[in-house]
């Protein structure tokens, strides 16, 4: 009897989509206005979904306060009010597309969870554009 | 060609997270402010998702009015404006965590559906915390 | 140049609509299923809107962190995961209808604001029912 | 490492649920007020979700602008401000239930995607009723 | 001490924007794709907001069940799953723009309310376009 | 008979809250993490509300397409995917707090509207923080 427990969180950040090893023209061609050298930004909304068995003692798959704390430590404290390209080590050499960000977040949260819990992360870059990763 | 049909519903209820066989102190340690002996409450939002083949005659997997009526009878009439611990028999000896509630709801709706239809239930305890169960 | 700054917050609580000085039958007639003696509950969503002049030095009407802290102290810490009838002194002899709750919240927040700031409070009892009070 | 990229879109349309080969009475019995001969309508909200590997060069699974353009061409230009029964060839002999519409939309978008990309389409007929199809 | 009580409701309808006394070309020039002779449609979302004094006996400005019933009778039963141009007498000679619809709804609800209650109606034609009328 | 017509729009931007004429320490004390020298960002959501009389000929207060085009030209083209501090002339010497941004947007849209139309602008910096300005 496996149930999925989800927690919603959010952070605000600036970013720029580009590759240091490409010319400005090539970056513009591929990334368009997302390549603004002065950056733009988003309110990222995050849903972390943890799947596992219900503990018959507590009735919990995971205490949602624990999940909330992991998200705060691994995502909000690390990314909120930051420039992803300049302030977040994971993106020093990784283009901070929504796809790459969701994989980074997945890996950070997964490392803090019990091994028998599955994880799925949905990341909204805007209310209209979002991505999802579940580890494979 | 299997399509999923989802219907959203809602109910308001009071509850308290605790085990009768634990001391107040142990309940407090595990369930924190959710263990308030005077109860607290939520607007539960529910999505019941039914998967099956499209009936070529009607173009329906299930008439959404039938699904709406099942949810009304099995969930809204049974849980709305109730105290889950005191008024709902299923939780007399079962801690009404979101995980346990979603399994109870799944079982009640599943019993009313045709055997060839799959069910998946998502239950929002708050807009930030939600759970999902699909029967295995 | 007066601008309104709004902050959204939330709390979960149980309540029961009834008057101690009325019979159970009269309470049932007026308050229906909201009169469940075992209580029911809601996720209350709150918007506190503060109107004033923009401070030309900071560009703020009010630092939203200050508003957030006032709401936390006056509303969330006082009402969250509580039974409004039993745990909150303001409702010991006041029926906790949405109308009465929004006036209580308005008065608590207003008392902490600078005198030259206007306040308007919207309180969602459910996503479909909400109330608003601005002090007159 | 497969990631899902989702894009939200919308269109407004009129429709009527009925079969030309059934009597008005039989249509009424099965489709109720959805069988109004003068039509009714909806704001359809659409989520197209594309799953594939992240391109290590760009960090994209699919450039969301490409996905947005496919949805515009295949869905919005074809269905927006239309009468589905009278103006959209796919429904000339197909009852425009949400189930049938989501399959039609899936097939139109799928035909424009690279073969190695999976697709999943969710279609909201109202905020309370929605359907989902992923091609099998 | 005047408080505003709001109730959200919804109806689905088809409509066409045009004037019978204008040519098709003139209607097209002014109303564009909203002039589709086969109609298009919307999920209209409605907020009716009633302002008055709190009754010290009940703690209500208006019992929200009464407001819900007025909306059901005056708006939902009259407009839901209808073609506004063909099925609703008020629009026989009145172009069903959002502006005109909100005034018609205001007048229908206002006529059923106590004279000492003020009314304000917000009507969402889509989540992005909405109108509001408060009687003057 | 004055009706309000509202249109929702959005733009993504980076910004930093600080005053050039203050020390870094003073900016940090007042603006906290919003003073990150590398910027952070938001998905700004905007509602422009125009109030006027219904034109008896068309049934419109303002053709919402005209309002949409004004917002696109004055706000989206000017602010979207920009760094407000560096790329937008209005904020060269004006701290881009939500309060200051909403006044700038109000003034830009107001200048394009007929003189007999009133304007009210609501700007969401996040789903939890928003501001509103109506010109006085």
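The first chain written gets the first letter, and so on, giving A, B, C, D, E and F; residue counts start at 1 in each chain.
The criterion applied here is as follows: a residue touches a chain if its C-beta (ideal position, glycine included) is under 8 Å from a C-beta of that chain, and two chains touch if they have at least 3 such contacts.
Quantities reported herein were computed from a predicted structural model and do not represent experimental measurements.
Path length between chain D and chain F in the touching-chain graph (shortest route): 2. Annotation, chain B versus chain F: rotation angle of 180 degrees from the Cα superposition, expressed as a multiple of 5. Ranking all chains by how far their C-alpha centres lie from the centre of chain A, first place goes to E. Distance from the centre of chain D peaks at C, each centre being the average of the chain's Cα atoms.
Averaged C-alpha coordinates put the centre of chain D at 28 Å from the centre of chain E. Spacing of chain A relative to chain C, judged by their CA centroids, is 34 angstrom.
The set of chain A residues that touch two or more partner chains comprises 127.
According to the touch criterion at the top of this document, the contacting chain pairs are A-B, A-D, A-F, B-C, B-D, C-E, C-F, D-E, E-F. Across the interface of their complex, chain F is touched by residues 10, 12-15, 33-34, 36, 38-43, 80-83, 86-87, 126-127 of chain A. Here chain D touches chain B in the complex through residues 17, 19, 30-32, 94-100, 102-103, 127-133, 136, going by the rule given at the top. On chain A, the positions that touch chain B within their shared complex are 1-9, 49, 54, 57-61, 63-65.
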